[in-house]
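Letters A, B, C and D name the chains as they come in the text, with residue numbers starting at 1 for each one.
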Amino acid sequence: MKRIGILTSGGDAPGMNAAVRAVARTAMANGIEVFGIRYGFAGLVAGDIFPMTSDSVANILTRGGTFLYTARYPEFAQEEGQLRGIEQLKKHGIEALVVIGGDGSYHGALALTKRGFNSIGLPGTIDNDIPFTDLTIGFDTACTTAADAIDKIRDTASSHQRVFVINVMGRDCGDIAMRVGVASGADAIVVPEKPYSIEAIANKLKKSFANGKDHGIVIVAEGVMSSDDFLKELLKYGDFDARTEVLGHMQRGGEPTVSDRVLASKMGSYAVKLLMEGKGGLAVGIEDNHLCTHDIVDLFDSHHVGDYSLLAMNDDLSR
Amino acid sequence: MKRIGILTSGGDAPGMNAAVRAVARTAMANGIEVFGIRYGFAGLVAGDIFPMTSDSVANILTRGGTFLYTARYPEFAQEEGQLRGIEQLKKHGIEALVVIGGDGSYHGALALTKRGFNSIGLPGTIDNDIPFTDLTIGFDTACTTAADAIDKIRDTASSHQRVFVINVMGRDCGDIAMRVGVASGADAIVVPEKPYSIEAIANKLKKSFANGKDHGIVIVAEGVMSSDDFLKELLKYGDFDARTEVLGHMQRGGEPTVSDRVLASKMGSYAVKLLMEGKGGLAVGIEDNHLCTHDIVDLFDSHHVGDYSLLAMNDDLSR
Amino acid sequence: MKRIGILTSGGDAPGMNAAVRAVARTAMANGIEVFGIRYGFAGLVAGDIFPMTSDSVANILTRGGTFLYTARYPEFAQEEGQLRGIEQLKKHGIEALVVIGGDGSYHGALALTKRGFNSIGLPGTIDNDIPFTDLTIGFDTACTTAADAIDKIRDTASSHQRVFVINVMGRDCGDIAMRVGVASGADAIVVPEKPYSIEAIANKLKKSFANGKDHGIVIVAEGVMSSDDFLKELLKYGDFDARTEVLGHMQRGGEPTVSDRVLASKMGSYAVKLLMEGKGGLAVGIEDNHLCTHDIVDLFDSHHVGDYSLLAMNDDLSR
Amino acid sequence: MKRIGILTSGGDAPGMNAAVRAVARTAMANGIEVFGIRYGFAGLVAGDIFPMTSDSVANILTRGGTFLYTARYPEFAQEEGQLRGIEQLKKHGIEALVVIGGDGSYHGALALTKRGFNSIGLPGTIDNDIPFTDLTIGFDTACTTAADAIDKIRDTASSHQRVFVINVMGRDCGDIAMRVGVASGADAIVVPEKPYSIEAIANKLKKSFANGKDHGIVIVAEGVMSSDDFLKELLKYGDFDARTEVLGHMQRGGEPTVSDRVLASKMGSYAVKLLMEGKGGLAVGIEDNHLCTHDIVDLFDSHHVGDYSLLAMNDDLSR
């Protein structure tokens, strides 16, 4: 294998740059040429491809976002898109790829592998919603950003003895909500995967205030409902001085945390080694603290399973 | 003067605790006893008053919010509320007050002064909308929090080549928007005090993208319109991939910056010295880098004037 | 079991407060009374013990240090100290303990268990030098603080084209150095557990500068040698414009990261459950992402083993 | 005026990049071509000069350090160096310069002005030791970095009931020490410009501990003596559990604060306007919150005067 390509796809996530750097540098250290592909699969099809040097990835380890840019490109599900992409790969002599992104990225990586271009997928998304990995690249940073914001919101909540209903990202996955909720000492955490009772939450908040607590924090994962809708429901059960906050896209950006930098570095390095062994069609993950691979095809029927024991634990820890 | 009281009122702001500490410690250093009054004027009327020791203000210099709690209490505009408040002051032997807060706080401070209890007002609000002061306590921290969030949003904006319309706080005052806009290299800053053309902003963004810039940031002060409404207007003039973000209440909290800690310390210290000189009915400010006072009554007909030259400067600096 | 005690011992670490909170709240949720013991084993012997309420641990989840204070107290290795400590436990009706700290803490916990007071040890130290756990409470925060500092140092290193030799904490353990080195893109990482060649490091730096890199970062774990001594050696092999930096005690403090808050919460909660099952003399750890226990006695002959594969990986990733 | 050059000189400071961006963009907005000069006066003499586009300064507003690099180059004090520098300016058609840096930069700027190349000096240094300006570019960021570090150190100081003697930067200027000391609630601040009594400091610390305070923080400006030497003296007057910490070069780096970004932007913009008015040999400053200019020659006999009233105020505020 003499030449590999690398692209980022789907929503951006902090640590994508660190992963790109790791792929590029590991390949170069092993005598493999590396080509950057801009704008994900859209750029692959359009031929927005450039040879990378060691310099291309200098000073990006700590930068949020993805300097390769990213785009959603559903057209790559069609044969036509794939064939045009392959033409571009051939033109540049690229034999294999590393694809960093979320769900959609894996479909593209599998399609290319089936057509003879070994591709390895790395889980790059803040949502932590990829099966067969405990952690995705960007998740720890998003949790950190959200927890920092909630630490600030708690100040104003306490000063005014208010309840805040805070919407965090994660789409259909409650992992950000759970981790951030525990880290913030939230009174309640509401995730789409598990049942909840708004009345019980209201009762807990009432009891807390009665016991002298000076604020309330309820974390609602975006897959549940909007924080405004949630608050409306909550106010049916109690007359709280309450506000909502949507943390929004700031959760997607920012410098990756140490954990994300290290995770992305390890995964990027590992992906190249897999390609060097002639492997393709694999999704890299980290399970029980060890790098692992699964056939991409197995991801499509699977669901990420979070650590829902955090919910019961948090109920004991907050009062 | 043997005993003074201190309260925080209106919306909370980072640095209020630092100001309370400065008032308390300066008074104690000068042999004056200090009473803390919780929940602003509401707590004054209700008698939620306690003697402070040096310990009471230990470890609060760096904490956001106000440990004295705050509340809005329009009833204090009425004679009845004021008389009940004065009763409480007499009960505790409190002869004078320092009041930290926004607009409403000054009305209370003036009313008490007129009734024989010298009161000094300190400008504690993130909005920077107090007349006769260049800076309010909390403003620098709010700008810092907003700029940090925008730095993160820029990552994801760039990765996707998007425009973000970002709503920042400030009520009718554009100071946060202007300062944060300059600090973030925003493409456009929209404030309620000055005319603007959404079409011109759209044209600037189009030109920027045409010149190769990979993102757009528009800062809209909350006093202008919602970021959703603004985006709707903007999309009339250009087909941008765009999102909105409301930074929200996180701007009110968090550890005060060095600037806010120092400003609050200086103002709190100064307020006690004014009371020791027998003064009251004064608003403390900082103008041209010097602490100053103005009769509170003069504030009511005045408006804070921002540094609008930042708008034209920013137009040159962003491209 | 009706009453448990909790203490922190040895060097402080961010997340100790989160662990104390988790122990206290979990115990209370299960109807167990909790006593705080100040100043570690010294305070136990001196009887500095107080009943905790839910309020005692309010607002400490996010605070660095340990509000229970800590102290080194080698006298607890002697029978006399232990007997006096047990007297105090009896006086307060405390039947079991959770001890949070480093190496010395485990000896005390084991001694108390042997004398009939079940004790569970939690690994609280930034150094990550405890056997049978992949992570200690405080390690992630210390790495984050160190990496943040190095991100800043890189700015000035690049501006002046300098080499910085940076001393990070960890005593005889290179884990902080390795994790921070990878996260910082260090040119070289030197740890006490593995051989290294200063000449080879100098040659790598020379090659980097020759290839156009504008700075050099060498991370030296404190267990290797001082950064000043290291620099002296380095300068024998190359005429670098170089400086040293000792990150020092700031690495021990600060708000715990999300990871440390969650880890401490889980471990604290788990420790109480172990005590409720009548267990003692156990060290809690996290191995392969799962909470685990080991007999404390087994720790004394064992050594923490780091992930030394990071060293080779980093050599490829930095250039 | 059709072409200007820009360089950074002396020690780097956060905000230098923001100032370079402001100079470049303001010039371009006014139809003036801009040339970047790398490595300060050394690069000017060596001809390391390149034409800048708007892109050259994209994404640098928030970056620490200086992407133009900097160097100390005492040779520029000699006629030979100056003549060679002028040759380079002529070769590129550069008619005027903006020089950002500390003391040495001003000498170079004045020399060039005298030889017919109008030059404006901007105060870029973390030390705040430039006469005729209340603030230098980088000062607020350095204070913020130092205060953040001290906030962390306080955690471990409190946990162990320790005294920390902390060395902060500033060379012969105590401004960082004073501002950081007030912002950190230091027990004592020692600056080179004012007398101090180590015995009195020891007595204050003893009294604080006697009153129940759980830690001590002494800030010593680097111009006074080393923190190790200071601690030796301190221990003559009291038997403290004490440690030293040298914050070091991390104070020079990092993302500039909002204040520094805005200040640098305003100064950079202003410098171009001065050149457009045909002015040279001027140092830009900010006095009493207004941009101002002074003849560079007047700086050489003057000394920056700090706000030493902070020392007495801090004595009252800390206990």
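Just so it is clear, a residue touches a chain if its C-beta (ideal position, glycine included) is under 8 Å from a C-beta of that chain, and two chains touch if they have at least 3 such contacts.
Note that the structure is a prediction, hence the values are computed from the model and not measured.
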For subunit A and subunit D, chains touching each: B, C
From subunit D, the most remote chain by mean C-alpha position: A
Cα-centroid distance, subunit A relative to subunit C, in whole angstrom: 28
Distance between chain centroids, defined by C-alpha means - subunit A, subunit B (Å): 35
Whole-Å gap between the CA centroids of subunit B and subunit C: 39
Subunit A residues counted as touching two or more neighbouring chains: 151
Touching pairs among all chains present in the structure: A-B, A-C, B-D, C-D
Residue ranges of subunit D touching subunit C (in the complex, touch as defined): 8, 11-12, 14, 16, 63-66, 69-71, 145, 149, 151-156, 158-161, 164, 214, 243, 245-254
In the complex with subunit A, residue positions of subunit C that touch it: 21-22, 25-26, 29-30, 54-55, 58, 61-62, 134, 140, 143-144, 147, 151, 179-180, 182-185, 211-213, 255, 257-259, 261-262, 265-266, 269, 287-290, 310, 313, 315-319
